[in-house]
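One structure is given below, represented as structure tokens, and several questions about it will come after.
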Amino acid sequence: MSKTKIAVIGTGRMGSVHVRNIARSIPEAELVAICDIRLEVAQALADELGIPRVVKDYKELLADPGIEAVLIATSTDTHAFIIKDAAVAGKHIFCEKPLALELDKIDEALAAVAKAGVKLQVGFNRRFDKSFQHVREIVASGEIGRPCILRITDRDPEVPDMEFMRVSGGMFLDMTIHDFDMARFQIGDVEEVYAAGSVLIEPRLKEMNDVDTDVVILKFANGAVGAIDNSRQAVYGYDQRLEVFCTNGTAMANNEVEDTAVKGNPNGFQSARVPHFFMQRYAPCYVDEVQQFIACVRDDKTTPTTGADGRAAVVLGYAAWKSLRENRPVKVSEIG
Amino acid sequence: MSKTKIAVIGTGRMGSVHVRNIARSIPEAELVAICDIRLEVAQALADELGIPRVVKDYKELLADPGIEAVLIATSTDTHAFIIKDAAVAGKHIFCEKPLALELDKIDEALAAVAKAGVKLQVGFNRRFDKSFQHVREIVASGEIGRPCILRITDRDPEVPDMEFMRVSGGMFLDMTIHDFDMARFQIGDVEEVYAAGSVLIEPRLKEMNDVDTDVVILKFANGAVGAIDNSRQAVYGYDQRLEVFCTNGTAMANNEVEDTAVKGNPNGFQSARVPHFFMQRYAPCYVDEVQQFIACVRDDKTTPTTGADGRAAVVLGYAAWKSLRENRPVKVSEIG
Amino acid sequence: MSKTKIAVIGTGRMGSVHVRNIARSIPEAELVAICDIRLEVAQALADELGIPRVVKDYKELLADPGIEAVLIATSTDTHAFIIKDAAVAGKHIFCEKPLALELDKIDEALAAVAKAGVKLQVGFNRRFDKSFQHVREIVASGEIGRPCILRITDRDPEVPDMEFMRVSGGMFLDMTIHDFDMARFQIGDVEEVYAAGSVLIEPRLKEMNDVDTDVVILKFANGAVGAIDNSRQAVYGYDQRLEVFCTNGTAMANNEVEDTAVKGNPNGFQSARVPHFFMQRYAPCYVDEVQQFIACVRDDKTTPTTGADGRAAVVLGYAAWKSLRENRPVKVSEIG
Amino acid sequence: MSKTKIAVIGTGRMGSVHVRNIARSIPEAELVAICDIRLEVAQALADELGIPRVVKDYKELLADPGIEAVLIATSTDTHAFIIKDAAVAGKHIFCEKPLALELDKIDEALAAVAKAGVKLQVGFNRRFDKSFQHVREIVASGEIGRPCILRITDRDPEVPDMEFMRVSGGMFLDMTIHDFDMARFQIGDVEEVYAAGSVLIEPRLKEMNDVDTDVVILKFANGAVGAIDNSRQAVYGYDQRLEVFCTNGTAMANNEVEDTAVKGNPNGFQSARVPHFFMQRYAPCYVDEVQQFIACVRDDKTTPTTGADGRAAVVLGYAAWKSLRENRPVKVSEIG
């Protein structure tokens, strides 16, 4: 079987992860080119990995009929128009989350994708985590009854730099957006959101009207309720837990550990930290998600995280911000 | 040192636990009499344990100058007037939670207690749990910084009978009231409450306007936020967990286990249920709380769970009900 | 149903535990008398608990036809002749382990018991531990196949005082004896023993020819093999674990914990010690074993830990000592 | 810095793991050629990974002055003479364990290595496991005192095929050899071995004089004692645990898990299997060990697992076989 020819646009933090994964661990794909506006960054990566082509302007890649698919890992503000251009050029698209911070831009991009009939997958990496998938399988099997309560704990190990925070969309569109998608993955449609949050860790977030600590309540269409809690600073590592409590049992995913060593002394027992951050914790997911994207392209199947999923998570992020600003529960239907 | 002479009023489910504990495990107290309107129930217990006096009318006990303290474990609707009578009679008082379901009755009772200058302790047993106390000590020590997020999971193993449910005050005044008190114990004053709930397990609760599943958000005066989740039916046992996440670490109390046996087979590893219900889980707490009450009486110290604590938890329960009915966050100050 | 009249002989450390348990928590028994050569020790206990009769000479109790059973918790060197006297007097007998440190004395005592037709139960408390029983149930059910490997970790928290160590029978007859009994309880007959040991903690044990650290290999009649490890000093608490590994799975009993609190900080996660020592760890077993003894007396059933069990564990202890002294595997049949 | 030019000899199960790792994940090395007597197997691998040269006869590679190092992953009976040839040719050598099943062959090979002054590393992959390394660091730091007891549980998930078993060296030279090396890694020199074993799982092993179940006691030079247990069939996965119990604490490495999902239902809690076998469990170790080998070659440092280590583990394997055959403890000095 011939390999699917793919190019990566954006070779920063996440982009370089994808470049390495495709080059080394995804034999079904052929990485034919990479692109970055900082050409030298892309060139160094290409040299290291033996990638044949490096460009500065992504449009060169879209013009190349030999390229079947693109992976977009540029800054968030560029996602929507690159998607649109790629769709028009007939390329299948894998795009990092979020699709955009503005719903109208998302809608334009999704319309272009629909019109072109190309595949679009959004990079909600956590859906590919084996433990979260196992939870979903247990719940979906029906063996523990119907879902009642969803609990998600999602805490970063440290506050990102302020420059990033300014353009990130803030807590609910940068960080909680993963939990909103996970909530939809595990339980289904959300109808209403209530959010409470504080600045307890990084005072500079106050002037940005952002928060570093929050809890969010979700009301699902099926009557289940959910509670998410977030923090920007979990000093023991990247805290990633969830539970789907059901009428006849529960399914939980606990944290992974850095190693399994335990030390016993007169104070009790000491065990290891949780893996530091997403690069460590979700490393296998970044491979799996692209492999599944490639498979969907080859087999003409629906991607596991569609444009609609990408949009829905952004809508929930907006609902949470509106709820926090107005201190009231906000219906998803209010956002659009 | 002479023993503190105490009588128990109400020898039903909780009352009989206290009677046995005082008779067997609290040598600092002398159980001089017990009282129940179902005299034969009290008499059988007295016969079994060698308790010298049994009465039907609690006023007989209040009239006895040899009795220093009473423990009230009657039905909730009688708590307030018995407290008042006992205070007037100059008896120190341990009363099961809740103090009452009406704030004006609570206020009358507390006024009588204040006027008489007697001790009053409310039966918030969970404050005496060694794991929850350990969490509080870790947090109070300051070694993990300031509290940011409180998470409480509190789930009963099975729905109580409908007769009890009708007079219980419903989810927030019967069950979540323990979590409200725990929240105050771990973090401090709560300023605002938002509650979401559903009937997902026991359909008959709908006609009572009660819920069997809920999540509640708390906003604390110090800026911390909290999320409680409750269910009336955890089929794996009485689920009792909490976490106080702080700026420099976290402190969690996990569930206890029925035993430590683990079975490994081709499906993985199977471990035991959590202890079935409060009688098993909190057995040592019911001894400790009464021992501390006795110590407070003898040493003229403030009780660890005061009348003010008992009132505050009821106020939070009302705030949660109001929030659920009106689907909006409710300030504690709205309740009074 | 009338209560079984029992007397306790020896009110030292273990004896006083049994006295309190029978007085408070075993309603099926009536504690009619206690006995100790230090009369004032017994008297103080009787005063505290309201026990009607205190004697210095156990023969007074044996002469009393109103006493049905005796619990022997005197020093080890007196067990055998008190058992013999009690059997001759027709009393049912619960005796602390070990039955004696000399096999001929044990045989004499067991012969007297057999001749009198009274019940004899030996205080192997660990057989009554819920987790170890659960392991045995899993294995006995056959669901995980046939036993292959037994692993027992048994470590005291601290070295006992040297005075006790001198008369204790040393590691294998004082401490490992529990593990030998547990091995027989979990798997069955042992045919051969090999022991290796060192003095690594308490140098004074060298002159006593004792060890404070050891591992022992067992070969069972059914082909299974076992490894026990012991230490006199586990600074994190009383370490009590076992595993029965089988052809189709495994069953393990892990340590209990002092509480379930866990602290997370930049170093990882800190959890509590294991319960300090046998008094804490096996508290419920001391009640259960005597309750089952009482039930066997009343219902004329075989006791759960017979004289033969008591003898077999001592034989294994001697085999282990012989193995260590001669540095060779020793068949149980060599001991007798 | 230029890459170290390496060739892999033997591209079977372990060889192909190394080939993939070097090709993809070890940028410090350049995989210039691979070799297998089944040329088509090696060719297919070379095609997949773009390896420039494939040969059938390893001597061709030894004759190539452009090759600095070889990794030997052929069948055990060929290790010694390939090592000798490679040493004579001046190549640095990484060789899979065991070095050989005969001590005289090992000695010849090691003599050739010493004479040539080349590096030799033996593939004891477990020394590179992060959890076992963490245990060693805790113990080596001295913070928990001196080692007293080593416990290793090492159980394969399933019996290998009989053809392999016939030439494997049997339990102690094929499987326990890893534990012998780990014992030396964690504690140091072993002076005496006692082994007990049975055939409880695969009856065909009896005619081979092999066992599928065993426990082994080790006596270390420093007075510490150890107990290893092995089985060929742990149906819940590849069981890999160890503990170093010390005078002031303990350090344990528990099993890893396939995922962290836990299901609660009325029977209790179900968690995942342990990773199936060495390929999954020790995947990162196979990369690390070769990376460290390359670093030792470049920086002219002693390899982390030397020829002496490889020999010592084989000696312990022979001591264990002798102990089992003669049913007596065997001094390491008896083997040579």
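Per-chain numbering from 1; labels A, B, C and D assigned in written order.
Keep this in mind: a residue touches a chain if its C-beta (ideal position, glycine included) is under 8 Å from a C-beta of that chain, and two chains touch if they have at least 3 such contacts.
This one's a predicted model, so the numbers in the text were calculated from it and none came from an experiment.
When chain centres are defined as mean Cα coordinates, B lies farthest from subunit D.
Of the chain pairs B-D, A-D or A-B, the one whose interface repeats that of B-C, sharing more than half of its contact pairs by residue number, is A-D.
Looking at which of A-D and A-C shares more C-beta pairs in contact, the answer is the pair A-D.
Averaged Cα coordinates give subunit C a centre that lies 42 Å from the centre of subunit D.
Per-chain CA centroids place subunit A at a distance of 39 Å from subunit D.
With centres taken as mean Cα positions, subunit C sits 58 Å from subunit A. The multi-chain contact residues of subunit A, meaning those touching 2 or more other chains, are 234-236, 248-250, 258, 264-266, 272.
Subunit A meets subunit B in the complex at residues 146, 148-149, 151, 153, 155, 194, 196-201, 213-215, 217, 219, 223-227, 229, 231, 233-236, 239, 245, 247-250, 327-329. The touching residues of subunit D, when paired with subunit B in their complex, are 234-236, 258, 264-273. Residues 24-25, 27, 48, 130-131, 134-135, 138, 143-144, 248-256, 258-266, 272 of subunit D are the ones that touch subunit A when the two sit in their complex.
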